[in-house]
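Each in structure tokens, the structures are laid out below.
What follows is chain A paired twice: with chain B in the first complex and chain C in the second.
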Partner chain A sequence: MKQAWAALCAAGLIFGLVGAASAETVKVGVIATFSGPFARWGEQFQQAIKVYQKQHGTTVDGNTIEVIYRDDGGPDPARAKQLAEELILREKVQFLGGFVFTPNALAVADIVTEAKMPTVIFNAATAVVTRKSPYFVRTSQTIPQVTVPIAQWAARNGIKRVVTAVSDYAPGFDAEAYFVKTFQAAGGEVLESIRIPLATTDFSPFYERVLQEKPDALFIFGPGGPPTVGMINTWASRLKPAGIRLLCTAETQEIDLPKIGPAALGVVSSFHYTETVDNPLNKALWADLTAMFGKNTVPDLASAGAYDGMELIYRAVAKFGPRATGDQAIGLWRGMAFDSPRGPIEIDEKTRDIIENVYLRKVEEREGKLVNINFQTIPMVRDPWKDEHPE
Partner chain B sequence: MIDATILLDGLAYGMVLFIISVGLTVTMGLMRVVNLAHGAFAMIGGYVAAMLVGAGVSFFAAAGLATLLVGMIGAVAELAVYRPLYRKGELAQALMTFGLTFVVIASLTSGFGTGIKTLPLPAALGGVVDIGFRTYPAYRLFLVAVGLGLALLLWLLIDRSAYGARLRAAVDNPRMARAVGIDVNLLFTVTFAGGCALAAFGGVIGAALLPLEPFYALRYLVLFLVVVGVGGIGNFKGSFLAAILLGVIDTGGKYLMPQAAAYLFYGAVLALLLLRPNGLMPAKSAT
Partner chain C sequence: MTALSESGLRRLWHGLPWALALLVYFTGGGYLGLGTHALVMILFALSLDLALGQAGIITMGHAAFFGIGAYAAGIFASHLSADPLLGLAAATLAASLFGLLSGAFILHTAGVTLMMLTLAVSALLAEFANQAHGLTGGDDGLQLGRMAPLLGLFGFDLWGKTAYLYALAVLFLWSLAAWRIMRSPFGRSLDGIRQNPRRMRAIGTPVWRRLVVAYGLSAAMAGSAGALEAQTTRSVGLGALSVLTSGTVLVMLVLGGTRRSYGAFLGATVYVVVQDFAAEIDPFRWMFVIGLLLMAVVLIFENGLTGLGDAARRALAGLPRRSGRP
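And now, the complex of A and B:
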């Protein structure tokens, strides 16, 4: 009789625990830009997350994963910090994600550390970000990581003299520094490094200067949006006819290619995500995005970052249940390798930053559309900045 | 021959500045309304033209239709929003027109998204022309021609026509103008509509250099205001001169010392305004 009681109690305890666990909701707070000129970022994050949840369900072992979105409105560190506080203290989220801009990610580093909050950076690409909190991991890229391969490719492919023209702000300086360093180390010559003010509308005088120097190629880094389109269009009308090639990284994103037109054909760039990359995850992501959000939806680096960020969070909940601590989650993520729509990726065991393929791609026409096509893969590239700046 | 190229580039850029801000010279310069919604009207024009071109209308017909349509929208806006503001002072005008700009930005964002709206140039303007010492983009030569044509047209209309005389009279002293039988209300509606139409025309024609997107209205607002301010409020000839001067200084600076380019444009604005606080050619009544 006593034994039966004990068994019943034990069973009750177990069922009770399981019952309690299955009823739990895991909240994930996503801080990103959903309004203003950069609203596309937040939209791409959100759509990729919805696709991920459609493919993998909204529950993990019975625990509901609920995503709460907060709009930081653009590069606004104070607002990002306030939103992180609200999500952690009031909404009691278990994970944080998002962060389009580096200043916003840096602004939440201290709170994240204090709350031991596992936080996935979906974009913010300045190399130093993951150093600022032991609870940061990153699923995007760093600027040095994607810039070094194009400089190496140029040096190996008959391009000897280059002018660089970058937008006059911190990410532009990173791109310029790593392009120049890599290209010179490979025996190339950098004739001049021009920094173009962010507010520039007419790029022709800068390019007229480039034309006089007669380089083999021009390397550019733009901030996205109108200035980037201006940079490429002016190259197409002034420098391309003179036989000066264009080298870049994110500037030939598929979403911007129609604005550049046929002039973009043949432009070579290096980047960690290519829309046409041939793997089943990418095909499924693209198919679901267009099925759910319209036929003109195109996945981009933001989609890949958010999609893989969700993968990390789902894996942590699957392993540790709904009450995963920050240390457990980060411990699990360190060294974790899995397949992403962009190809294989790994979270660096030491730096918590991403290790991933970087692709050399060329703009080509397929079925009447301009797309990037990969022609070379540089496998599993680490962030060079971290190797050069050990902790 | 590089000097000639810089000069030509500067001239073309100056003409763009003139074309996109000439509408503001009319509404803010001549009519003295602090019209911060100028860029919003320009951008509506651009979006309308882009939609028309997308539907198969030719670029020039689309430019004409967009200009006309925005002129009509401008007339409605003048009756509904601007007329009550004429006597309310500059702060009320700035707030109201800035608010209007946000409404337009939000409307375009919800309708078209935050991305760039492409307005492709016609084939005739997309190519290059041989101008003797080098080939040069046809589009830029077209801008120079359009800018000169507009300046001439405005000069005839405002300085040399009875309409211009009435307008200047009505702005300087509306009560006296009414007393001598000028229909000031109608004159203002027509002129404001004209200013909006010019804004739209600039938005369409300049779209290849200033790409259309919902934040166009704010992104280039400083440029518009600088041209009108440096030129001298109330004088479109001053705006013309200011636009060309600033275009040449900016272009020359970027070419000759790119490291200082960020400062040169605004440095020139500062210097010009320090030397001539009322602008290059202030209106007579403003001095």
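And now, the complex of A and C:
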């Protein structure tokens, strides 16, 4: 009787295993911010992932790709680490993705390395991130990568004296350092570098100082969202009439332009993703986003990062099947070049960071809407920080 | 066989939460990270219960001590020694010193003024941590290297087993201490100060001194909690010092019930577990669930979730429902 039971159990076990092997589910854990003041990031990630899965299907060679979302609530490294543990140990994910904020990405570096978990950083833009784990790749940008081009452009286009005003936190410091260094090397003069507390809502006192310096232009770096809009609006009302131009990177992204209004017309910025960039992938991304999530949906850098992150994961599953190891996936991704909605991109073979075009663009009005229009492309820019800080 | 004596029953009752915590260790699997976080938050809520519940110090800035503990443990581990116990001791000391010092200044006030001052102190600290980039890593946060094995014997593993037991042991010691403190003459005098400081002063109690000591003790506990969080997750961020953290721990305490032996235990555990499950089901709207839960508990139960037991007992005994509301 006992033996019969044992045989039955064994049979059940075998059938169970076979059943599981024939059509496996590959779990992808996405840790990002879905609640609180930065919830837009998570929403943009999720929408881009859904568009990718609509365009490419939810299966690769019969294996279902299941995306599991976890909310870190903002810059909270302890929570990010705990979520990564849960996803790896409990949910048994095969890939990790997401990470809006640098501290959260840095916090999971150790566990990602220990678990050999291939991890795609969709945003977290501090240069050093990809150094912290050999299983990190990044599909966004680094702050030096997108800041250097605007400083070079300014120096070449008759702007001689600049004041910088950045938000008082680590990414702001990076932007300030690289703008100042590049602009001075090109012969420009930086009159003053102002750091504005993150929680500032009234920018006039800071801009009063700028007004007294009488620079040709003001370079700003904001944390995104309402404070950034305030930064630009105050520039428009106080500094623009005095003939002081504005230089920036992500601050004029299209998602915020309606809140800034016509004052933004003519502002020049440099960035790796421009919403109006003319390529079929970007057009399809935008079309599907608006079809699935409403006509006011606008893709942004978060969409591009998540979309390309999914491309990497799909390619790894296509090549190595549902049981791809971390070393296989990272090996495949190193040096991989492919087309993204933002243009051609490549994962650096050595640093696992992204190499991509950086665009100089200007805010213009098209069909009654404010949009960024590229006027110059700097092809395949590497992260300058990594070249200056070799391992 | 005689029935268990009442004191024996009570002793058994007190063993229950710890037995459950050990059960989680053996069955928890992938939940141990969550469990460790819950233990840390229990300790943090317990520290708030001493200051707010027992002594009536209305504080909205308790994250200051949690954050100091976390950063002190982080800085200690990066620059001095990777030994977890030394780091824990240093962090606890740093937080309690800051508690005594800031308490000495702000505890001359009471009520809304005190609340605003606690808020201001924690906001100042958060801004300092943001500025002192070289020390704290600023917005990038601080990453701790690998901690040395506990007592030189138990290494911290990927599964978080050592971390869980470590946090449980520290929580156990602190809750014994808190138990003693709250039932000591000192604790009773805090009780009196909360209810009527003027009268306590009139009968000769050194009110300010008692409050400062209570605040310092509470800060030490919060500092230990922060150090545990830093050591077990091997990272510290500015969030540890944020007003949101102060608010969260307050919600946990209110949810469980203030001045109850296991209020902090129940409140923090329920909050952490409900948050995790709600966020798993819907990462966008889990806060809604927490909000509803808090409203329901505050409106329906007299004193948090632990008040539920009392209400049930009174109902069974046929006593009228006691209302804490005016």
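The rule is short, and it goes like this: the second predicted complex is superposed on the first by the 369 of 391 C-alpha atoms of A that agree within 3 Å, B and C clash if a C-alpha of one lies under 4 Å from a C-alpha of the other, contacts with A are read in each partner's own complex, and residues count from 1 in each chain.
Just so it is clear, contacts are C-beta pairs under 8 Å (C-beta built on N, C-alpha and C of every residue); 3 or more make two chains touch, one makes a residue touch a chain.
Model, not experiment: these values are computed from the prediction.
**Student:** After aligning the two structures on chain A, examine chain B and chain C and state clash or fit.
**Tutor:** Here the two partners, once superposed via chain A, fit next to each other without clashing.
**Student:** On the A-aligned overlay, A:Gly224 touches which partner chain: chain B = first, chain C = second, or both, or neither?
**Tutor:** neither
**Student:** Touch test for A:Pro134: chain B only (first), chain C only (second), both, or neither?
**Tutor:** Neither: A:Pro134 stays clear of chain B and chain C.
**Student:** So in the superposed three-chain picture, is A:Gln82 touching just chain B, just chain C, both, or none of them (first/second/both/neither)?
**Tutor:** second
**Student:** State whether A:Thr201 touches chain B only (first), chain C only (second), both chains, or neither.
**Tutor:** First partner only.
**Student:** Between chain B and chain C, whom does A:Pro37 touch in the aligned arrangement: first, second, both, or neither?
**Tutor:** A:Pro37 contacts chain B only, not chain C.
**Student:** Going by the contact rule set out at the top, does A:Gly331 touch chain B (first), chain C (second), both, or neither?
**Tutor:** A:Gly331: touches no partner chain.
**Student:** Once the shared chain is lined up, is A:Asp168 touching chain B (first), chain C (second), both, or neither of them?
**Tutor:** In the superposed model, A:Asp168 contacts both chain B and chain C.
**Student:** For A:Gly261, decide between first (touching chain B), second (touching chain C), both and neither.
**Tutor:** first
**Student:** Quick one: is A:Pro344 in contact with chain B, with chain C, with both, or with neither? Answer first, second, both or neither.
**Tutor:** neither
**Student:** Using only C-alpha atoms, work out how near chain B sits to chain C after the chain A superposition, in angstrom.
**Tutor:** Chain B and chain C, overlaid via chain A, are at closest 6 Å apart by C-alpha.
**Student:** Once the two structures are superposed, pull the chain A residues common to the chain B and chain C interfaces.
**Tutor:** Looking at chain A, the two contact sets intersect at 36, 39, 168, 197.
**Student:** Across the complex, what residues on chain C touch chain A?
**Tutor:** Per the touch definition, chain C meets chain A at residues 29-31, 33-34, 37, 127, 130-131, 133, 137-141, 143, 146, 158-160, 229, 233-240, 279-280, 283-287.
**Student:** Hey, which residues of chain B end up touching chain A in the complex?
**Tutor:** 2, 5-6, 9-10, 13, 16, 109, 113-116, 118, 120, 128, 135, 137, 208-211, 213-215, 219-220, 223, 250-255, 258-259, 261-262
**Student:** Please give the residue numbers of chain A that touch chain C in the complex, ascending.
**Tutor:** Result: residues 34-36, 39, 42-43, 69-71, 74-79, 81-82, 85-86, 89-91, 102-104, 106-107, 109-111, 114-115, 126, 132, 168-171, 173, 197-198 of chain A touch chain C.
**Student:** Which bits of chain A are touching chain B when the two form their complex?
**Tutor:** Going by the criterion above, the answer is residues 36-40, 168, 194-197, 199-202, 204-206, 208-209, 212, 225-226, 229-230, 233, 237-238, 241, 255-256, 258-259, 261.
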